Every structure is written in C-alpha cells, then in structure tokens.
Amino acid sequence: MIAKTSPEIGGIGHSVKRKEDLRLIQGRGNFVDDVHLPGMVYGHVVRSPFAHARIKGVNIANAMALPGVLAVITGDDLAKAGLAWMPTLFHDKQMVLATGKVLFQAQEVAFVVAEDRYTAADGAELVEVDYEELPVLVDPHRSLDPSSPILREDREEKSNHIFHWEVGDRGETEQAFQRAEVKAHVDAVFQRCHPAPLETCGCVADFNTATGRLTIWLTSQAPHAHRTLFAIVGGIPENNIRVISPDIGGGFGNKVPIYPGYVCAVVASLKLGRPVKWIETRSENLQSTGFARDYHMTAEIAAGRDGKVKALRVKTLADHGAFNAAAQPSKFPAGLFSICTGSYDFQKAFCEVDGVYTNKAPGGIAYRCSFRVTEAAYLIERAMDVLAHDLKTDPAELRLKNFIPSDRFPYQSPLGWSYDSGDYAAAMNRALEMIGYRELRKEQAEKRAKGELMGIGISSFTEIVGAGPAHTFDIAGIKMFDSCEIRVHPTGKAIARFGTKSQGQGHETAFGQIVAQELGIPVADITVEEGDTDTAPYGLGTYASRSTPTAGAAGAMAARKIRDKAKKIAAYLLEASEEDLEWEPGKFSVKGAPGKAKTIQEIAFAAYTDVPPGLEAGLEAVHYYDPPNLTFPFGTYICVVDIDKGTGEIKVRRFVAVDDCGNIINPMIVEGQIHGGLTEGLGIAFMQLIAYDESGNVQGGNFMDYLVPTAVETPHWETDKTCTPSPHHPFGAKGVGESPNVGSPAAFVNAVVDALAHLGVRHIDMPVTPWKVWQILKQKGIAG
Amino acid sequence: MIPPQFEYVKPSTISEAIALLQQHGDDAKVLSGGQSLIPMMKLRLARPAWLIDINAVPGLGGIREDGGYLKIGGLVREAELEASALIRAKYPIIHDTARVIADPLVRNLATAGGNLAHGDPANDHPATMIALGAEVVATGSKGTRVIPIDSFFVSIFTTALEPAEILTEIRIPIPPPSSGGAYFKLERKVGDFATAGVAAQVTVDGSGACQRVGIGLTNVGPTPLRAKNAETALRGKKLDNAVIDQAAQLAAAESQPSSDLRGPEEYKRGLVKELTRRALVRALERARR
Amino acid sequence: MAKTQKVHVKVNGQKKEAEIEPRLLLAHFIRDVVGLTGTHMGCDTSNCGACTVILDGRPIKSCTYFAVQADGHEILTIEGMMRDGQLHPLQQGFHEEHGLQCGFCTPGMILSAHALLQQNPSPSEDEIRWGISGNLCRCTGYQNIVKAIQNAAAKMQQKGAAA
C-alpha cells in the first residue's frame, strides 16, 4: 500500500504540474540546435541518390575550393583511421561513410564542414561522386532468392539472411494444429514507418585540443551507452568524453542509435579543433535514421469450435534494410516479439522470425514499441478478430473467453515469459461499458440493413516493458539496469540524478514525485537531472517504457537507503531506539509519543551538523536497480468508425482507452502519454508508410508525404484506467509510455475491418487508407 | 533545406517590377506569397538568380464588386478570402476553396494570384475559377490584357503569362440570381494537396433547369481541367439526381488522373465522380436559396 | 559570399539591424542572427509549423519567408509573449492543462493560438483544432493543447469582462 502524501509533498498519485514547463513555454529550452559555441562550424552530409551502387570515385576539389568550406571527409579518410565502419547496436556493423559501395538511397557518402550552415549546404552540392549502379533489392521476400544480389560483401557469409530465431515448441504446436477443430489464419504486414519526433537528430561535437576532452551535445535517449560506444569505437578514453543530452524534442526510439552524422562531427571536430554542429533535415531523418517495424507476419490460431484457443503459430520475415542497426537486447534479434500470445491462454505456441537485408535504410529500432511488442500485439489482436469472424462470434466475447484469468498470475506463457500481474477482463469490461458496446452492436445491425458502414474495433493488448533483468538482457553487452543518485542538502532540499533521459515524458516532475513519496520532501524542493554523463549515474536510457520500472525503481530504492540512514540519525536525535520509531512521509516519530518527532528537514540538517558518532556525515545514496522481471502493462482499447461509402474516408467517431499500468506516479502525465501514443497509432494505422519503388527510391521521405496527423484528424480520446500493481516493483508501477502505440493500431484496423466484415472482408494491411477502403467497396459493388 | 543564392529586389511600382522581369528574363521569378516558390527553392528544384518581390507594389489588393465583376487583387491573401464577409455571403464556392488551401499559416501569405500563376495542377483556385468562368488580368511591358481562364492553363507549371507579365487581378463575372457553387476537396490530411477536387457552379432558371454550368477539376490531369462533357450534359436540363449522376460519370471519364502516393488512378476517377455529384448537389442547394 | 543586404526588423518590440544574404530564411535570422532560439525548425518542406512567428499580427511559417522580406516589418516570437515578467495566459494555460511534453512544437503552437484568440476570442473546439491545423505535435495528441487554449480564452474573457 502506498501512503498518501499531501499535495504539498506531491508524492505518488498527485497530478503535479510539470517543472520542465517553465522554460519550454518561454522558448528557453536548450535543444541541441540551440547550442552555440565560439568558433563553431557546421557539417552537412552528402548522400547517395542510388539505392545500390559502386563508388568509382569521390571528387572533393570543387567543394574544397568554395570559400568557407573547411574540410570534406570521405569514407576513405575514415578508413585510414579505422572509422569507416562502426558497430551497430545489434551484432552487425554499418558504414559511417560509404567505401566501395552504397547500399541504400540517402546513405552517407561524405561530410562537408564549413563556417556556416548555408556554405556547408553549397559545399555538399559541389562534391562529385561517380556511381556505377548495381541491381537493387527492395522486396524482403526476394532477399533469399538465389537470383537476388548479395548486398553485404563485407560479411563472411555471402547471404542476405541475417538471422533465424525461434522460440516455443514447434513439434507440440504442430500436433495441436493437427488436432484443431478450427484454424484461423492471417497474413499481416506491419509496414515500415518512422517515429518522426518533431526535433530531428543532431549534435554539437566539441573536441578541446588543449585538454583532450570531447564534449558532445547529442540528441540521445541513452547518453551513457553512447559515451561508452564513442569511447570504444573512437579510441578516446571514456573519462575524456562527456555526453550531454539536453532538452530533447521527442525521441520515441529514433534517438537510441548512433548515426554516422554524429561520428563525422566528432572526427571533424578532432581534425579542426573546433566545435562542429550537425543537425539533420527532416528528409534526412525520415530517409536514413532508424525506421520502425517492416515486419511481414503470419499468424495461425488453433481453437476449439467453442472458441477456446489452443495453440498459436507465428512466422515472420523481418526487413532490416542494409545494416542490422536494430536496437534490441543482444540475445533477442526479434526483440520481445514472443509476447505475441498476448492476453490469451494458449497452451502451445511456436514463433519464428527471419531477418533479411534489403537496399533500404538500416535499422528496425524500437518506435515506442518496447522492442517489437507493437508488431506482436498488432498480430495477435488481428488474429483474434479473424478467429472471431471465422467463428461468427462476437470479438469481445471471444477475448473474454480466452483471457488469462486474473488468478493465474504470475503466468508462464508458452513462449517463456512470466507475466507479473493482470486483470484483463476488468479492463475489457470497463471499456465495453464506457463505449456502450451493446447499443453500438445494435446500431451496427440497423445501419447494415440500410447499407451504412460502421465498425467497432477492439484491442486487448498485453505488453512487456522495463527491460530488463541482468540475467537475460543487455544492449551491446551493457546490462540493462538503471540508476539513481540522490543527495539531500543541509536545508532539506534534494537533487536526484537518473540514468534515464526524458524526451518529454516529464521525468523532472514525476521522478521527483517518487523521491518525494519516499522521503516526504516536497516535490518542489527536489531537483531532478538527467542526461549529463559527467554527473548522472550510469543508465541505459529511456525507451521501451523502462524508465519507471527501472530508474524509477532505483529512485525509490536509493531514497529508502537514505531513509534508513535518516532513521539512525532520528533515533540519535530523539534518544530512542530505531525499533521505537515510526515513519510517515516527512518525519520519524516515537511510537506512542507523536510529539517526539524529527522532520526529514531536521534530520538532513543534522546529517551535516550533528551526526551520530560512528556514522558518516552527509545524506545521500545511489542505487543501481536490476529489475527482477519485466512488467506487463495491459489494457483494452475500443474504436468506433464510420465509413463514407462514396470516398472511402474513415471517421473515428469514438475511441475509448482503458489502460492498466499499475500504480501511477502522475495521472496527468500518464493521460498525456496515452493521448500522444494513440495519435501516433492513428497515424500508423491510417496514414503512414515509408515505401520504396523497384529502383530503391524512397517514397514518403518528407513531411509532404509522410503524414503526421494534425489536430483536425485527431479525434477526442476517452481514457480511463484499472490498477493491477506489479508485485515486484518497489511501488507497484509498470510503465506506460508505449502502451497506446502498442495497443491502438489493431483497434483502428479491427474497426475498419469490422465495418466491412459483413461483406466478407477479413483483413486490410496498414495504412488503411480511404483508397484501399474504396477499392474494396468498388469490388463489392458499393462504391464507384 | 537551404536555398541557393539569389539577388533580391523589391520594386515599388508595377512598371519597375515589369522592367526587372524583362531585364532578367528566365533568371527571374516573381515572389508574391512565396508559399509554393520558396519550398521549391529550399529543395533546390527552383533556382532563380533574381527574386522580384512584388509585395510592395500598390494596387494589387482588394476584394470588391465593380462593373459587373467580382474583382480579387493578385496579392489578396487566402486568409483574406477566407475571412471576407462578402465572399462568404455571395461566393461561398470561393470560401470553400480558400479555406482548404494548405493550412492557416500558409494562407496568411499565399495569394490567390499566385495560386493561379504558379500553374500547379494541384492548386485549388484554378478549378473554382474555371467553374466561375473567371478572367485573369495581366500587366506586362505591352500593357494590360485579359486572359480568359480557359486559355490560362497551358501545361504543367506553365500558364499563358508572358515572362515579363504579372497577374494583377482575377475577375469573375458576377453570377446572375439563382446561381450557386461549391468546391469539394478530398485530401489525405489538412494541409495536403487534393487527391481530387471538384468545383461546380450552376445557374438555374425559374423551372429549375440548368442555364449555366461550370465544372473544374483539381489535380486529376497535367493542368486543371474543365469537365466539358459533364457541363454539356447538364445545360438546359432539370438538375435531378439522375442527371447529376450522369454528369458526374462524364466528369470522371474526362478526367486524366495518374496513380501516385495519393491513390491509384481508378480511385481518383471514382472521387471525381463522387465529388462532382456532391458539388453539384450543394451548388444547386445554394442556387435555390 | 553573395551580395548582402541590410535589413531592419523589429523583433519583440526591439529594432534589429543586420547585413544578411537574401537567401537567409527568417527562421535562421531569428535563431542565428538575433539569437532567439525559441523558434524551432522541425521539417524542410514547410509542413510542421514549429517555426511559427507572428509577422505584423499574422502567424506565418518563418522557414518559408526570407529575412529580407521582413525589412521594415514587425515580428513577435515566443520570447516576446511574456508581459512585464508575467506569463501570458496562453503560456499559463499550457502549463496548467499539460499542453506540452517535449516542448518543441510549443512556441509555434502558442503563437498560432495567440493569433487565433485575437481573431476569435471564444472559439469552439472545432475552431481551435482548425486554427492550429498548421502546427504539428507528436507528443500530446492535441487534446490538452485544446484545453490549454480554452483555459486561456476563458481567462482572457474574464479579464476583458472585468476591465
């Protein structure tokens, strides 16, 4: 049970207004492009127009002749320093600047440095690259064809196959399918999309030749990991590198990888002895930085005629582009995709994933997806709807029948996960009530009789976040603990530093609330810092909804260490024994003598002025938290759509989101996260696609065609919650940032398919656009 | 993102502007709203050596009825059209059109004149001006001339304007009583160009028969198109659902859409049919008011 | 270096003079020459509105306007929204209603909202959504931004009524 604190203390559960707002609403944030250093120069990347081509030569003479251009770095220059290639986050390497050949359109080929950004752009245009085009491979289904070009000449094994991964029991699952009364099948593509945070990626690299210290302001969601990687790759001693991740304008996973532009800026700064700023444009961001998804999936469910599911079989082809730059824990080439049994009690399951190379931008990062959990949740929720359709059963009933019951936790899934806690029926029932489900089905029947199209889509997702326990999880070898260091000052104020890095999630406020909860110090008196590797304790960063489950937990544990010491000091001051003291947020008092008490402020002062003999002065602690398990937030989302038969346009009439993320630190912040994630899901479900034509030209590579919803397309979101605490987390929280992006695409797609189900439609691939809907209606003789 | 270098000049009279355009020929471009030109320059797709900023040239503003015409100055901003009480009350088809051009920020700078002069088949005003039978007034070194809208759009990004001519005014013959028009645009999201757009303007007589009709199509061809066959099918007929449907079908058949990221050709044709129907129905409703 | 030109622009009430290339975008002028970095750039195709500033009372995309065009004109940026050290009701509203998360779209959003409320002091929700449809946000889903603007509109109406 979490003690309730006063609004003044502002502990867990209070909707404390955000501290970070003050500078941001005044336009006084400090984003990377706001950093201005004396002598700073600008970098601009020269990029390949071709998807696959040999580089015959790079001529920099005209660029270098342009007044104001200071340097042009090529792949050959980097190769001399052993830097033309760098390791990716996932057992592969990628080119920093191309040598030999290019493997995707927009790949980095050279880096021009000039006195100002306009000259750098002019200089980039003057770099001449002689390309010899090669045959292009863009269809991942053709990657393993013998006739397809082998893309990666640098790899020992000459193949476009990156990995095969499987989990579960193939044989037993096969048997379950053979016995099955009913089998449902769906082929579902989760299309290539992009996190597109409003601030693009960039850095200011400042190598101080006098001190040998490199300071990098960086759009980084994981500053410490980046520092370590820069040290290893760049050969600069790690104590001479300082990464500062200042205000970040959205991340969503896009700012987890290390990009060639960063490395080039560092090299340029070393070479010139001046700070080098590199800020990519939106087009560069969409065309070359970490894309998301591109999973080509098949799911089969074996079930009884009564609708009880028995087994799940999943096969996936993963398109990783030219380099496997996926940000995944190192033992998980397909991330946590094996959560694909979802909220349902399957007895048997088997899942296999094959990763392949294509001539496309590299990656497979986690776009607000907890490492492939969006793909998994989308797949199972679509498959359950297909099963419901095949059985002519109501999709809500089918789910309720198959949910893992709330008394079966911790639940061991057939694919190896131990779900911590859940009450799926409660969330579902609340959502059904909020949306008025029965009335909607009645309305749908009436509308169908009149030829009008409306649909109801349900998604009852379970996701898996908070990576993760050291025994199983690491990224590039670094274990996925996270950390917090707290120092309480003599006057009772505190500073808490974390190894995570907020890009809008409100850590400065919410993490302060955790410390406020544990110590009873008012949240206004607690400064929270993240992002400076010189001062913050080591952490793996913010993505995978892991900050609250890991760093937040570390904050609670560090605070409890402080409270333990505070108790000793209190006992000394009160001349009582520790066993005779009781704690309420903000003070220790003697049991039975409430007047005899010491506040945390008095104790803090004493820690510097009147320390018990034998005890060190000071009042601080650091904790590195190794989560014992992941956490499993869940929820039910229900979407209602109306379809315009004449144009195929889809209007979201209502969207209800019931989320369960255990105990909530700041309800206002959680609600904001849900709104934002649902809006991203809307874009993904209905509008977004990064595609390539047969020549490897990217389509949807700028904001004219990569469509981000405006306030007009975005509907009103109705949110609510249930609360099933995590039994293993210090304050029962699970994390929630990704849930809305994980759970919502299926709700949107299920709604549209549901609207057309009576016409025999079983599946439509995303983005579900008006023209796709219209073509279906035309085929059925309803439109056109 | 960074435009190439250019020289910039801001003339304070129309003659100065024209003289500069003559002097620099193909090396010069007119800068009015800049909301189409500047993005192209930032992508380095347009590289004029000279920008002639005409925003200080007087006499290019104003929305007024005069001498049987609705006159819209070449520099009138889309936002002004959107906010104009006169336009809203008497020319709702133009209000329909202005309000769906790009987004509110762009509309504060983008000009109606520029929307025509740029020659982009994806722009919205052309179809509406076709439907209204508008005329373009242009001033150049040889003086002022009037270009009928049907002669104005020559090919993609090419209009009938001479290199040293400036579009100074759009004039629309004031429709007779019992006239109404509407513009329907389907876009993937606010701020996008049309997947397809249809403008319809009708005048009906006492018996409800169509006396005059104009139908313009947006972004379904290399230029904005007039749906001539559809118009012919409507003239003189009573505008009931069957007649409207037939006209819509004809408009779809005479459109020339291409498949692209906004959708396949078949879909765009289907949209032309549907939006023509909706535009005619709304135009008729407004004509009857 | 191309021929430069002198411009005089009033920024947040203060006269600024500079010698610049004609191709310098107004957004870069504001950020790099004047040194006010609250105006942000989020795209390169004039689609996101993060660069919104108010030019002679109307909100525009400063990335799609050359600084030379602003010669003799007045600009208001986010830095000019505070009055006498007090947050503008819009800034206050965004804070109270959690109308921002990462803060990158916020300056442009506030300025668009400012222009909207000047034209329409009591907008409906639909009018608000329409009014900010040129400003993209990736974090908030717009719902709290709408509430923030409604919050500010209500406060400003009250103040107006009380005056």
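Chains here go by letter, A, B and C, matching the order in which they are written, and residues are numbered from 1 within each.
The rule we apply is simple: contacts are C-beta pairs under 8 Å (C-beta built on N, C-alpha and C of every residue); 3 or more make two chains touch, one makes a residue touch a chain.
Worth saying up front: this structure is predicted, and the values here are computed from it rather than measured.
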{"item": "Central chain (distance from its CA mean to the mean of all protein CA atoms)", "value": "A"}
{"item": "A-C or A-B, whichever has more C-beta pairs in contact", "value": "A-C"}
{"item": "Chain centre separation (chain A, chain C; CA means) in Å", "value": "30"}
{"item": "Where chain A and chain B are represented by their mean Cα positions, the distance between them in whole Å", "value": "44"}
{"item": "Touching two or more other chains - residues of chain B", "value": "1-2, 4-5, 103, 190-191"}
{"item": "Overlap residues in chain C, where contacts from two or more other chains coincide", "value": "21, 23, 44-45, 47, 130, 132-135"}
{"item": "Residues of chain A whose C-beta touches two or more other chains", "value": "117-118, 281, 283, 704, 708, 710, 712"}
{"item": "Residue ranges of chain A touching chain B (in the complex, touch as defined)", "value": "117-118, 121-122, 125, 281, 283, 646-649, 687, 699-700, 704-705, 707-710, 712-713, 769-771, 774-775, 778, 783-784"}
{"item": "Chain C-touching residues of chain B, taken from the complex the two chains share", "value": "1-8, 10, 31, 34-35, 38-39, 41-43, 51, 53, 55, 79, 83, 102-106, 108-109, 190-191"}
{"item": "Residues of chain C that touch chain B when the two form their complex", "value": "2-3, 5, 21-23, 25, 44-47, 49, 52, 55, 58-61, 63-66, 68-69, 71, 112, 119, 130-135"}
{"item": "Residue numbers on chain A that touch chain C, as the complex places them", "value": "17-18, 20-29, 31, 33-34, 36, 67-68, 117-118, 196-200, 247-250, 252, 281-283, 503-506, 668-669, 671-680, 702-704, 708, 710-712, 714, 716-717"}
{"item": "For the chain B and chain A complex, residues of the former touching the latter", "value": "1-2, 4-5, 44, 103, 186, 188-192, 195, 261-264, 266-267, 270-271, 273-275, 277-278"}
